Structures are given as C-alpha cells and as structure tokens.
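Which chain is which? They are A, B, C, D, E and F, in the order written, and residues in each are numbered from 1.
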Amino acid sequence: MTMPLLDDDQLSPEAAAVFADIRETRKSDFVNNFWRALAHDPVSLKRTWESIKQVMAPGALDPLTKELIYVAVSIANGCNYCINSHAAAARAKGMSDAQFMELMAVVGMASETNRLATGLQVPVDAAFLRQPPRSITED
Amino acid sequence: MTMPLLDDDQLSPEAAAVFADIRETRKSDFVNNFWRALAHDPVSLKRTWESIKQVMAPGALDPLTKELIYVAVSIANGCNYCINSHAAAARAKGMSDAQFMELMAVVGMASETNRLATGLQVPVDAAFLRQPPRSITED
Amino acid sequence: MTMPLLDDDQLSPEAAAVFADIRETRKSDFVNNFWRALAHDPVSLKRTWESIKQVMAPGALDPLTKELIYVAVSIANGCNYCINSHAAAARAKGMSDAQFMELMAVVGMASETNRLATGLQVPVDAAFLRQPPRSITED
Amino acid sequence: MTMPLLDDDQLSPEAAAVFADIRETRKSDFVNNFWRALAHDPVSLKRTWESIKQVMAPGALDPLTKELIYVAVSIANGCNYCINSHAAAARAKGMSDAQFMELMAVVGMASETNRLATGLQVPVDAAFLRQPPRSITED
Amino acid sequence: MTMPLLDDDQLSPEAAAVFADIRETRKSDFVNNFWRALAHDPVSLKRTWESIKQVMAPGALDPLTKELIYVAVSIANGCNYCINSHAAAARAKGMSDAQFMELMAVVGMASETNRLATGLQVPVDAAFLRQPPRSITED
Amino acid sequence: MTMPLLDDDQLSPEAAAVFADIRETRKSDFVNNFWRALAHDPVSLKRTWESIKQVMAPGALDPLTKELIYVAVSIANGCNYCINSHAAAARAKGMSDAQFMELMAVVGMASETNRLATGLQVPVDAAFLRQPPRSITED
C-alpha cells in the first residue's frame, strides 16, 4: 500500500459523511478498502463517489450491462483490485458464472483482434465512420 | 500498413473460402480491411473468423451486450481500427447514440478508478473473493 | 470519429451552458474538439468539465506540475489527442521545450524500468511500504 | 520471480562495482530488490543505473517533479513494484501525503479523459500542433 | 480468484477430454492453473487449447522464438501469471538465463522508445511503409 | 507533432555527431524521423542511440530475434511509429512475410490468454517459480 487504509474512527467529517452515504445507498454496513484508501482526500472521495453513483445508475443501459463493461475495462487496464470488486458487484446484480465466462471470452477475443489490427496497421474502412474526417490542418 | 491489403483476386483458395463464408454469414458483399490484411495468413484468417463467429454468437449474453464489451475493451487497448469497426457493428445491432455515450461514461469512470486503485495499491477485500486464495507455495 | 463533433448551434441548452463556462473560465472563445464530441451527453460533459476544473486547480501541487503529470499519463495511456492538447496546455502554462524534453526522458526511463521490474517479477521491498500488508484472507 | 535475487556475495565484479556506486550515490547501504534482480546482467545493470542517474538529476525540472512523473507513469503502466519504490523515493524527496493524493487525482482524471478522447476518436485541433503535419507519403 | 480452480474430478466430460489431450501432448500429468480456471467454459477451453497448439507449433518461426515473443508480450500487457508460465515454458525449450536477461533488455528498450515516439508524436517515415496509405475517405 | 522535426542544418554539434554515427553505423545517409524529433535533447539523443546500439547488437540472442521481440512489444504498447519502423528493420534483417504473420499470430494469442489469466485472476503455479517467494514483510 502507498497510503494506509483508514478505519471509521480515523475519518475526517467530510469523509465520514461520504461513508454514511455509501452505507445508506448500498443498504449495507460494509465499506470496501478502495474508499478507505481514497478517504485521505475527502474532496476526491466525494467527487468519485458522486460520479460513480451517477454513471452507474440505470439509464440507456441497464445496471448489469454497465457492470459487465466495468469488469471488462478493468481487465484490459490490468487492475486486480477492480476486477475482483466489480466481478463481485456484477454477481450481486445477477451475473451468472456462464455470463462471466462469456464475458471473459469476448474480452480475450477482442484483445487478440485489437493486437492483430494494430500490428497490421489496418486503415479504417470509410464505411465505419460517422462523418467524413475533418482534416487536422483546417480550422 | 505493415502488410498490403489483399483484393479479392489476390486471395489464396483457402482465404477465398473464408471470405465467401464472411459474405454468406453477414448477408453482405462488403469485406472490411481487417480480413484483407489477415488474409496473408489463411490459417490465422480461418481460425480468427471461426473464433469470432463462435464467441459473438448469442449465448448467456445477448449479441449487443457482447458488442458493447468488445468496443469497451478496444478503447482500453487503444485500437483505433477496432473502436471504429465494432462501434459500427454495435450500431448495426441497435446501439443508440445515448447508449454509446453511456458506454463511454462507464469506460471513462472505470479507467479513472482503475488507476486510483492501482496507485493506492489497495488490497483486495476478502469479501470479494470466490474462494480462499491458494498459496503459490503449496502444491 | 465515432460521434460527429457538434457546432455551437447544435448544442442542447445544458451543453451550451457548459460551453459558456469553458469560455468564461479560459477567457477565450476557442472550445476544442474534445468538448464538441462529449457534448452529445450533456450530463457527462458537465461532470467531466466540473471535475477537470476542480482537479487541475492550484492545490498541494502547482498547475504546471499537474499538467506535466497529465501529459505523462496520456503518453503512457497512448492517447494521441490528449498528448497534443495537454502539451499545448502545458506550454500555455509556461513549459519550455527543455522541460518537455526532460519530461519525455523521465517517461521513457520509467517505462523501461517498469517493464524490467514486471518482467523480472521483482518483489516489493518491505522498506517501501507505508504499513504492513493486510492479508487478503483476514476480515 | 523469474530470476532469483542476488545477495552481495553472489555478484560479479562488474555488478559489485555498480552496487558500490549505488551505495555511494545514495549515501545508504540499502540496495533494493530491483537492482538485485537486474544484477544477473551486469551490462544492463550498469547501463540502467547510469541512465537513471543522468535522467533523474536536477535539470530543467526539479528532482521531486521528476519523481512525481515517474510515479504517475508507473501507475499508468501498471508496475506495482515501481509504484511502491518511486512513491517511497518521492516521499524521501519531500512529497507530502496531500501532494500524493493530488497526484492520484490527476492520474485518475487523465486516464478518464484519455479513454473518452480515444473512444470518441476525437481529431486533434489544428491549434494544438507545433507545426503543420508532414504527410507520411512525402519524402 | 474470480472463479474457483477445478480439480480433475470436477470437470465436465468435454473439459476432461481437453485435459487428456493436454497431458498427452505435453507428455506430463501436470495441468497448470490457467486451464483449471478456464475449464468452467469447456467450449472456450477447447478453442483456446486448440488455438495455442496451432499457433505455437513449429512454422516459419521456431518454437523457442515464439515462446520469447509470448513472454515479451505478456510483460508489456502486464500479465504476471503469463510471465511466469511462459518464462518456465521458454526455459523448458532451452532458454538460458543470459537469453532471458537479453530479452528483458530488448523489452525495456522498446518500451522506452515506444513512449518517446508516442510522446513526441513522430510521424511515420514514408520509407517504412509497405504500400502507399489508402485514404480512409475513399471506398 | 509535439516538437518539430529537425533538419540536418538545425542540429547542435552534439546532435550532429550522433547523426554522423547513425549514418556510419547503418552505412546509409537516411536518418529517420524518430532521431530528428529526439535531437532537441542531444543528451537524450546520445544516450538512447548508444543504448540501442548496445542492446540490439548480437549476443545471446541473434539480431533478427531481437527485432521480432521489439516489434511485438511495440504492438502491445500501441506505438504505431515503432511498429512501422521496427517491422521495416526486421524486414531488412531478413524477416519474411510468413514470419511476420506468424509473429502476429503469437502476439494475438498471447494477448488473448493474457486477458483470460488476468480476468480469471489465476494464481501462479508453484512449479513455475525460480525460487520460493520472499515475503514482502521480511527484511
């Protein structure tokens, strides 16, 4: 660890208020280590928690789909903590083992073809673009 | 490009057979550049295409969810070709602009917290694990 | 592009308000392409802009140091847009060419030793830790 | 580990000379594990140590700023060893906890916008470039 | 772990058949943890094992060279499991410690210059291209 | 570009000396763009060129194998410039198209299994380690 984890009795009032909202929102007394490390910076803690709540709320995509995307990105970014915590969150939202294994297959296949396309330096087909490319030299 | 793109009349018989299956499967004459670069290695072309068909078929996850995961991973892996081609594929499978923008927000938020957890070197909470960790020193 | 860039007359009222604040804050009429793409999701646009303003404001670190860190991370993450935009921002905040070249040398050296330490799988020295590691199996 | 760590009495004369210089330069008897793994290749050990000394010396940027950049890059590259060792080095050069937490916030925010810009495939604004792009097709 | 490792007596018949082929191919009773985790998805297990066998077989490149490339990519992708397992595989195929240390030096140097070229946004020299770039705007 | 490319008549004497050595070593008048960007920092230019010469010289691995590793790492790190320049260097050292396509297949397969192992959080088998892990808590 690069910063010690904070126990409840070590929190600043601002951090304690965020912890209270985490507990209220999740209907659980458990606050995981990520927030206990981030609590050293109450402003960052509050901003990150508020953003997570907003981004992960139901919208054009359902919460489980968002959680699956979160896990997939965490794998590609190589964040072990996040893989474990968001896989747990996805299971809590209903992800089955079969769905997780299928997610893994997609992540693996995408990573393989990502490297193939990059290594072969394949130019983007015009058919895939949303609008004609704007030259970087025009204003 | 590190390898020239192959036109239809430059394909080996093995590669031509894969192209025929791509066209048959997609009900379209269009074969995108990725396959035209990979066609230099017909064995790899065939294996990759067969794998993609298997992995992206409906299963425990629906095809659109899989395509969204594919796009998210391509962003995290920094593959511009794949971002464009799979965003197009997702749109073809029904992804709305609002869904794409929400996907983007999740990918961005995940990448932010991924770096926070890694930088703070947060240890994984025992509550998140599927089974007690097997020591790497025991057989 | 996966989403078209929006011109000023294509903005929703919420997005237009954010653009007005960008112009007011920066004392400049210029709004760069990043915000014109993100404007398709006014909620995400507002959250991202508010966060950037908060995070990049003077604090325990001065604004130029923060901008240098931003550029370094963008290089490691391979984001060409961000490398260009934040190198420009750093120059506007006083970064000299010599400072940029020194930044480059540090980024390059860090990336080399990062891979050496990862490839050699070097265990972390106890002397570097902030606190004894908390076992992932204890509660 | 992929290579055993070498104790002082296992070093080649060339490696021992580098270790002596590390101790002399740092005014400390402690030599961390990174060098003990790299010592299997004395040529690489010497080159890497000499480069580090040169790159991290005071110059257009002060040593603490360089160390902060080193930590930020190590996070983005996902090197746990380097995050711990260079966070310790930064603390030894005067980094406060508040500065470290602010560094974290910048790294997190940069990683979020990096992915947004990449996912949206935002074209670089002409205003950000140092010189007109040189076509890759002209000589 | 996000999925428990499966023992031999927990395998589905399809997974057991793959394990039998792994043992037969490698002339060893040992089946490493990677396959025990992947065995939760017998279709993915079979596809991955068949692909590995095909890709890593002797061809235009010899097996040791392929294993060295595998290790190098695993370091760059930050996969600790794969670094350890494929370094062991490379040693089994004859890799000496001196060769491994030289591999490390190349991986480190490549990573340094990769970041320099990306940070400096160096345009590709026309002399390096295999064919004139095909504009992304032409059909 | 974040720094303009320097023409021969814009070089400092120190940079000009390095360019002369590049030309002498390669027996060619062509100096590629990477060095023309790095020439803004003659100290970094000299150190990088000397290191490249040392690392890429024949040793325990032959020069072509090293070049293949360089290309593979550049793909995994997503450096387009380096992919193109080192693929050209590998071709100049005898790499055939078939070898390049096989390299691509290994890079793709490694990237797929890297993500699978990371996502499944597979623990390292004791059999793969070079020595018993040294606890991070002991001195």
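One rule holds in what follows: contacts are C-beta pairs under 8 Å (C-beta built on N, C-alpha and C of every residue); 3 or more make two chains touch, one makes a residue touch a chain.
Predicted, not measured: the structure shown is a model, and the values here were computed from it.
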Query raised in the report: Chains shared as neighbours by chain B and chain F?
Result: A, C, D, E
Query raised in the report: Same or different: do the copies chain B and chain D touch each other through matching residue numbers, with over half of them shared?
Result: same
**Report entry** Superposing rotation of chain A relative to chain E, computed on C-alpha atoms, to nearest 5°
**Finding:** 120
Report task. Taking CA centroids for every chain, report which one is farthest away from chain B. Result -> D
Query raised in the report: If you average the Cα atoms per chain, which one ends up farthest from chain E?
Result: C
Query raised in the report: Hey, which one of D-F, B-C or B-D is the same interface as B-F, over half the contact pairs lining up?
Result: B-C
Query raised in the report: Centre to centre, by mean C-alpha position, how many angstrom separate chain B and chain E?
Result: 17
**Report entry** Separation of chain A from chain F, taking each centre as the mean of its C-alpha atoms, in whole Å
**Finding:** 31
Query raised in the report: For chain D and chain E, what's the span in angstrom between their mean Cα positions?
Result: 26
Query raised in the report: By residue number and range, which residues of chain B touch two or more other chains?
Result: 1-3, 5, 44, 48, 51, 55, 73, 75-80, 83-84, 87, 98, 101-105, 107-109, 111-116, 118-121, 123-125, 129, 133-134
**Report entry** Topology of the chain contact graph, where touching chains are joined (line, ring, star, complete, other)
**Finding:** complete
Query raised in the report: Can you name the residues of chain F that touch chain E in the complex?
Result: 1-3, 5, 30, 32-34, 37-38, 48, 51-52, 55-56, 59-61, 65-66, 68-70, 72-82, 84-88, 96, 98-99, 101-103, 105-107, 109-125, 127-129
Query raised in the report: Tell me, which parts of chain C touch chain E in their complex?
Result: 71, 75-76, 78, 80, 83-84, 103-104, 107-109, 111-116, 118-121
Requested in this report: Under the touch definition given earlier, write down the residues of chain A that touch chain C in their complex.
Outcome: 1-5, 43-44, 47, 51, 54, 129-131, 133-134
Report summary line: Within the complex, chain D is touched by chain E residues 78, 83-84, 87, 97-98, 100-102, 104-105, 108, 115, 123-127, 129, 132-133
Report summary line: Note: in the complex, chain F contacts chain C through residues 2-3, 40-41, 44, 48, 73, 77-79, 133-134, 136-139
